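Look at the two complexes coming up: chain A is in both, with chain B in one and chain C in the other.
Moving on, here comes the complex of A and B:
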């Protein structure tokens, strides 16, 4: 069996696949999966995997792994020094590495916060409910339901014989920033029935600092006293942000009392707070690149037609035809 | 269809004994459909379950999954295969094809579960809370949440609270928040318990803990944080290791539409049962028993006066009790 052994796991590294654990929302599982689906998919594309193959999501960096078999690898996402046996190599490119090589990723200085390591054949941990993704809140999936530790031996899938080295050209890589703009659609619980129109202008009008207590379950923003269109949540609770419990979509901008939180891939599936707007899928990857100190996010309101156009553009970028052969 | 600046896709007034239906955007891959107004009315939950079953039986191509709430369904879809407007059209036809709530029979199981009231782990969770999170919370006075639940609901004593829990089947309305967690509500309105949640929340709760928050009763599937007021402990409802036969088909035991009947046991017996569950010696007591919504709705008026009296007593007690 092909394997890779973790030498240094860094801040938090988890096995993730895309689109994660679907069809389990009604049982209380958010999908998990890569917080930045663009970089995950790009890394898989470069090594010849399907987008669904499992990669490693590396938070901040300081990660080292030894490939115990010949492999093709690619790292995409936040820029950090990448070396193979001490020799610098480029990110957003595939590399052939012989058995025994040590791959090391230094610290991402920013902008950006997460990088994805794909290996041809994918990280072949046992699927749970149809996915290899690690669900940190439920402590399940991935490798033993937890972030990786030094010494973990990860199984790799069957090698894909793709001879050519490839690169995602710089022009096709998304721009990273410390001041993010993220497109979102209003609702399901917005103005005029839950929030005031002026609250919506505030939500979409100002930059929101990213709180340091953000993680894969959610990006916490900054408390704000919204005006609300109601004086209370009625039977659902005293605060006007309270509603009778319902299920949440991934990317929900959930207002918990006074605190807006963008629900991440490991968030709670349901709860009793309004969702004023929802991040569109084509921009959801950005929240995986928010740094938890100093970054800000501004939401831009778009229509469903805008969201569909954005999705089409993103999918077109993540295609074989975009790649350059090196 | 929607204009550029609305969250509401469409709204249809109630007719033919069906509730008001509101369709809302939930991003570019989801539609949230809501039934009725924001009222604590179990018939809305019954109607939702009927719709969800019909939708599962006849899903439109491109529908990924549904996620129920108390009176709503979040429908997730693949936009390359299905548009929001096509999905809403499909939902309309599902709604049109259904009878009124009164005519529904919902697949249901009666599930018998042991409960030990005021158990050691519930007290430990409260003690930890007092020690590490908040020492002056009114809901944690005396190292237990139970006296607060009693006070907030105007019960004479703890025994009257325990009787209320045992006297009604608990309706599992939907699951969520955390893997395998059922949101349950008593079917008998004379036995409703209502209590505010923790503020701030607790960092530790034992597996199997039973608590109440707002009008909702929940069982904690795994050791976790939590915000409900704890009053007892039952046996496992989730086991990813599938050690008991009941978890072979799925590690998640509870389903929406289940009716949970608690039976009082001493803590010693509960702990023994916990071990027997993991040793695959215990057999869960489950009866298939379809739920006749019409019969339930016909029964409600016969106890309406008692339910009103219960509610008045509860509201008077709540008004005189501090909130956490």
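Moving on, here comes the complex of A and C:
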């Protein structure tokens, strides 16, 4: 069996696949999967993998792994120094590496926070409920339900033996920033029923600093005292952010008291706080690239038609025809 | 120039493992590579800051509970 062995696991590295563990919301599972689905999908495309293949989501960097079999590899996402046996190689490109090679990813200086390592054949951990994604809150899926540790031996799938080296051209890579703009749709709990129009203008009008305790569960933003349209949550609770428990969408901008939180791929499926707006899928990848110190996000309101068009445009970029052969 | 230890993580820097414990290290202490000199809170978990420097701590360049970025100088050393 082909394998790769972790030498340094870095801050948090998990096995992820896309679109993760779907159709399980009613059983209490958010989908997990990559926080940045664009970089994950790009890395898979570059090494010739099926869209369902698992990659490693590497947070910040400081990651080293030994490929114990010949492999084609690609790293996409936040820029960090990438080396194979000490030789610098480019990110957003595929590379052929012989068995025994050590691949090392240094620290991402920013902008950007996460990088994705794809190996041809994918990381072939056992699927759980139809996905190899690691669900950190549930401690299941991925490799033993946890972030990787030094010494872990990861099984790799069948080699794709993809001859050509390829690159995603710079013009096709999305722009990274320390001041993010993320498109979102209003609701399901917006003005005038739950928040005031002025609250919605604030939500969409100001930059929101990202909190250090953001993770795969959610991106915490800065606390803010909203005006609210109601004086209390009635039977659901004293604070006007309270509602009777209901299901949450992935990418919810959930307001818990004074604290807005964007729900990430490992977030809760349900709860009793309003969701003032929801991040569109085409921009959801950006939350995986927010740095936990110093980044800000502004939300821009769009319609469902805008959201669908943006998703088509993003997915169209992730096609064989976009890649350059090196 | 004397070496400085840089934060390996972005987050909140703490000089002690918990509020009731002594600091890991203080000014004047001699530190060796592998010694823990603090912790950084990030993503709701705590990560040890391990020295890769041998030297005597001249001073801390950040306060306890300061927000630090990755690569930011946190401790200045002087030769032993």
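By our rule, the second predicted complex is superposed on the first by the 326 of 326 C-alpha atoms of A that agree within 3 Å, B and C clash if a C-alpha of one lies under 4 Å from a C-alpha of the other, contacts with A are read in each partner's own complex, and residues count from 1 in each chain.
The working rule: a residue touches a chain if its C-beta (ideal position, glycine included) is under 8 Å from a C-beta of that chain, and two chains touch if they have at least 3 such contacts.
Since we're looking at a predicted model, the values are computed, not measured.
*Asks:* Once the shared chain is lined up, is A:198 touching chain B (first), chain C (second), both, or neither of them?
*Replies:* Neither partner.
*Asks:* Taking the superposition on A as described, I'd like to know which of chain B and chain C A:190 touches: first, second, both or neither.
*Replies:* A:190 sits against chain B, while chain C stays out of touch.
*Asks:* Tell me the contact category for A:223 with respect to chain B and chain C: first, second, both or neither.
*Replies:* neither
*Asks:* Could you look at A:294 and tell me whether it touches chain B, chain C, both or neither (first, second, both, neither)?
*Replies:* second
*Asks:* Among the partners chain B and chain C, which is in contact with a greater number of residues of chain A?
*Replies:* Touched residues of chain A are more numerous for B.
*Asks:* Please indicate which partner A:60 is in contact with in the superposed arrangement: first for chain B, second for chain C, both, or neither.
*Replies:* The second partner, chain C, only.
*Asks:* May I ask you to decide whether A:107 touches chain B, chain C, both, or neither, giving the answer as first, second, both or neither?
*Replies:* Second partner only, chain C.
*Asks:* Given the touch rule stated above, what does A:213 touch, chain B (first), chain C (second), both, or neither?
*Replies:* second
*Asks:* For A:140 in the superposed arrangement: first (chain B), second (chain C), both or neither?
*Replies:* After superposition on chain A, A:140 lies in contact with chain B alone.
*Asks:* Check whether A:313 is in contact with chain B, with chain C, with both or with neither, and answer first, second, both or neither.
*Replies:* neither
*Asks:* What does chain A use to touch chain B in their complex?
*Replies:* Interface residues on chain A, with respect to chain B: 22-29, 137-140, 145, 185-191, 193, 234-238, 243-252, 268-272, 275, 278-282, 301, 303-304, 307-308, 311.
*Asks:* In their shared complex, at which residues does chain C touch chain A?
*Replies:* Interface residues on the chain C side: 8-12, 41-44, 47, 67-71.
*Asks:* So in the complex, the part of chain B that touches chain A is made up of which residues?
*Replies:* Interface residues on the chain B side: 2, 4-8, 24-30, 32, 34, 38-40, 64-74, 76, 79-80, 84, 174-181, 183, 214-216, 221-222, 240, 252, 256, 323.
*Asks:* Which stretch or stretches of chain A touch chain C in the complex?
*Replies:* Chain A residues touching chain C: 11-12, 59-60, 62, 107, 109-110, 212-215, 217, 291-294.
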